[in-house]
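Shared chain: chain A. Partners: chain B in the first complex, chain C in the second.
So, the complex of A and B:
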């Protein structure tokens, strides 16, 4: 399965991925309108410490702990292997947030869970973080293990 | 703090409606121009630090930024221009020599722009390069005076070593030190993909790049940094750097701060020590001495590599080139006064040397007149900006062109001309690891390959419209050129007629 990978070597810590993610998932056509004066809730986060930065988003694990812990059946894996969230089913218990070993699950003011769905459900069609990365630090590819 | 008198050169214009406070500009500016004040939720700018590199402009996701020339102005004076006055203030502030980078920006004539190319009409057919073969491959090196054959008609003459290039373009010398590891890697990998050569510059060859040896020209300059047997043997040719167009007659200085572990190892000098290249080669005070170094290098490489001698275009360039052609060198590289640099004294960059177009025409003519043109190939650089500049250079007599500023532009350089600060926001002219990583060599390689692929198409188109199907047939073909707005003397030196003649 194609996944989003991050090369720490090339990540500049510019945080553009976070803004591109928030914009892609806003459903609004203009970035200024979508993000101006708003606290963004991106599904990708740049982790930083000193001179090291790298963006982290859902790994779409083979055997996802978040799905195992989901009490309402909101989190499922689709045929492609993408872990998706059904906002109508999510009760906001945040068990998945506690279980995710990568800290890739977040929540917004609606109190349901947000996570990377590889931009398959929004109008972007391909991961916005990858498209907008200025240094090809974030890539979307199939890696043979 | 005393008044420093300096007006900020640029102005940051932020469209506050568009600004979403993502702070990318702040994170990406190595000069710390932008900052965020959470109290008022505003972005601030300190314009005194801005160098107009355009990094923030390019990365701003909502296109909220513009860097403009500051219109705060001193009283207009045709003699004392604002810049002249500001330079006086700077020197009065610091007591130092003014430093600049990249090529001469002053409004001297650009002869390329005053030369026009011919095209076939009616009496001779033009060639469509998409349908007919078009040769852009060139060989650089000494060519035999005549060809001898044995009784069976086989060629007996041995061809001296040559550099083979898929197109008549090479990346000119930029040392590891003046530019970053990733910039070097981009150049090396692009040269390999394009079948051309890049040049190590005077800073030695990083151990990771020996694998690109057949696409590498290794340079021996007055500082002799990183020169040893394996280095000389690694390249496709060895270049002796006598001078550089941006700063003829002076040496170089890589500040100790840039000499980190890797550069120290590559240059073979202690970490943190200044790398100073003397103005002259201390073993070359005459053409005879040059000949000794040429042959020392040929001995060291078993006569398998052509030797290039690179000089800056200066007043007596034709006589100098004639001497070099007799010194045993296989290739002469001439660097015009508009050539770039990672740092040079401003006065020298802006006032020393001559235009490459005139130097090239004068040298080619002199070598022909003396019957020694075949002894050497001619490579010219010093602001070759486009495919048409290359076509004009070849028609004036060059065998190939060196490009560097255009290559750096392809890598993201915005010609802010502050390489000497070491804070290149594009990851090119810097050794700061946080900045170096901004140039992903994969992207760099692709952009360089794209640029030269585009130029190759354009060169072929232009040759085709002249009815010429190989670089060989274009070389020195000055009938294909006409001057516009040039005086008799300029036309005489360029060896071309005026348009309409």
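So, the complex of A and C:
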């Protein structure tokens, strides 16, 4: 399946992916209205230290531990292999956060879980972090394993 | 091949997944004591709280059993004959197996208590039917007394608070969640729960009952309308023990989930298996382990060969916005070094032994804690990177670029 991959040697640490993610998932058409003066809760985040920067988002694992730990059935893998979350089922126990080895599961102020769904459920239709990455450090492609 | 699965919870349905990943045709019979498709047991308190709907608690889609060619038999197993390879149900019916998996979970433990028979509305809290029964017994004015301040008792308190008049929790232990928290962490949680409207009577429990009055050990009395008994659970293993199977406090299994009896496997809350963080066998009755163990059993029953060789206890629980997570072995009794990080209403404690993170406990700041869990499950050698840089803010920086290129960059 196609996944979002991050090439840290090209990452500038600009954090644009975080803003594009928050905007794409806001459901609001205007970027200013969506983000200005708001605390954003992106599903991708940049980690950095010294000269190193890179973005982290859901790996859509072959055998996802988050799903094994989900106590509500909210996390499932769809037919394409995308790990998706049903916010109607999530009870915010955060078992997935305890299990995800990449630390890429987060929550919003309502305490239900947010995670990258490859922009398949928002109007973007393809990962916004990839489209907006100015140095093409984040790519969306199939890698033969 | 004829597969029989006793029990119908997460371990059982994961076992079915495991079998069907290899054997598409073998007959599968599921013997279920509860008259519901497999459901997520932890949701019973969220159902009371109104966060989960009854129609949303199933572990699998409604056509799961049919699609997987499973026959579901409603009944309770009373005996196994390991020589003739049959199980006997309470009804007297006998069912033959080639491979058997025991996923019977546990039952509430209720010690004998004087006068308990005089209490009209009393419940245990382990099944969705318990939730329905409690729901029909309460009114918005009910005074609820919960005996047991463990996970089950406190989740019940959370589920009921907004639906009743008052909730009081008592426990003979001097602190809440005594099996997973120490005094200091328990005090943070108790204070939070008190602020949320739960009353406690700790180091104290009911000595005897007289109708709707609990006479407590310390001489005080608590009047109540509804009583919930949450004193702990015991694994359902009697028929396996009777068949001569090896048990400790639960059914002992190896990493392939095989029991001491040929062709019998077990998974979920009724097993004791090797905990790599602890270095011994113990019960780790938690959902991720039930799912992984169940699947492992299923694959091996169908002739595959896989192992569940990195089991550790892992728990994430929250009450009204205060979260706590634990993994591995974190009681400081095995000569581990403890590293502590404290904030306001937040504690992180890491236990390190032989240069490995063997466990942790976090109250409050649980962000990205899976990075710690991964170190525990993989028994990662901490001399290879700077663990201390992860304590405040777990991230992937201290790991090598090569490692990140592999995990994030898709380079293989």
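Assume the second predicted complex is superposed on the first by the 145 of 145 C-alpha atoms of A that agree within 3 Å, B and C clash if a C-alpha of one lies under 4 Å from a C-alpha of the other, contacts with A are read in each partner's own complex, and residues count from 1 in each chain.
Here is the rule we go by: contacts are C-beta pairs under 8 Å (C-beta built on N, C-alpha and C of every residue); 3 or more make two chains touch, one makes a residue touch a chain.
Predicted, not measured: the structure shown is a model, and the values here were computed from it.
Partners chain B and chain C, brought together by superposition on chain A, fit side by side with no clash.
Contact with chain C, but none with chain B, is seen for A:47 once the two complexes are overlaid on the shared chain. Using the contact criterion defined above for the overlaid structures, shared-chain residue A:101 touches chain C, although it does not reach chain B.
Once chain A of one complex is fitted onto chain A of the other, the partner contacts of A:135 are limited to chain B, with no touch recorded for chain C. Of the two partner chains, neither chain B nor chain C is touched by A:75. When the two complexes are overlaid on their common chain A, residue A:114 makes contact with neither chain B nor chain C. Once the two complexes are laid over each other on the shared chain, residue contacts for A:20 go to chain B alone; chain C is not touched. Once the two structures are overlaid, the count of chain A residues touched is higher for C than for its counterpart among chain B and chain C. In the superposition on chain A, A:10 contacts chain B only, with no contact to chain C. Taking every C-alpha atom of chain B against every C-alpha atom of chain C, the smallest gap after superposition is 16 Å. Residues of chain A that lie in the contact sets of both chain B and chain C are absent, per the superposition on chain A.
Against chain A, the residues of chain C that register as touching in their complex are 40, 42-43, 46, 51-52, 56-59, 287-288, 291-292, 314-318, 321, 323, 325, 327, 366-371, 373-374, 394-397, 401, 404-405, 407-412. Those residues of chain A that touch chain B in the complex are listed here as 9-10, 12-16, 18-20, 23, 31-32, 35-36, 51, 132, 134-137.
Contact residues of chain A toward chain C in the complex are 3, 5-8, 47-49, 52, 54-56, 59, 65, 68-73, 88-89, 91-106, 111, 141, 143-145.
Against chain A, the residues of chain B that register as touching in their complex are 17-18, 20, 22-24, 27-28, 58-59, 61-62, 433-434, 437-438, 440, 442-443.
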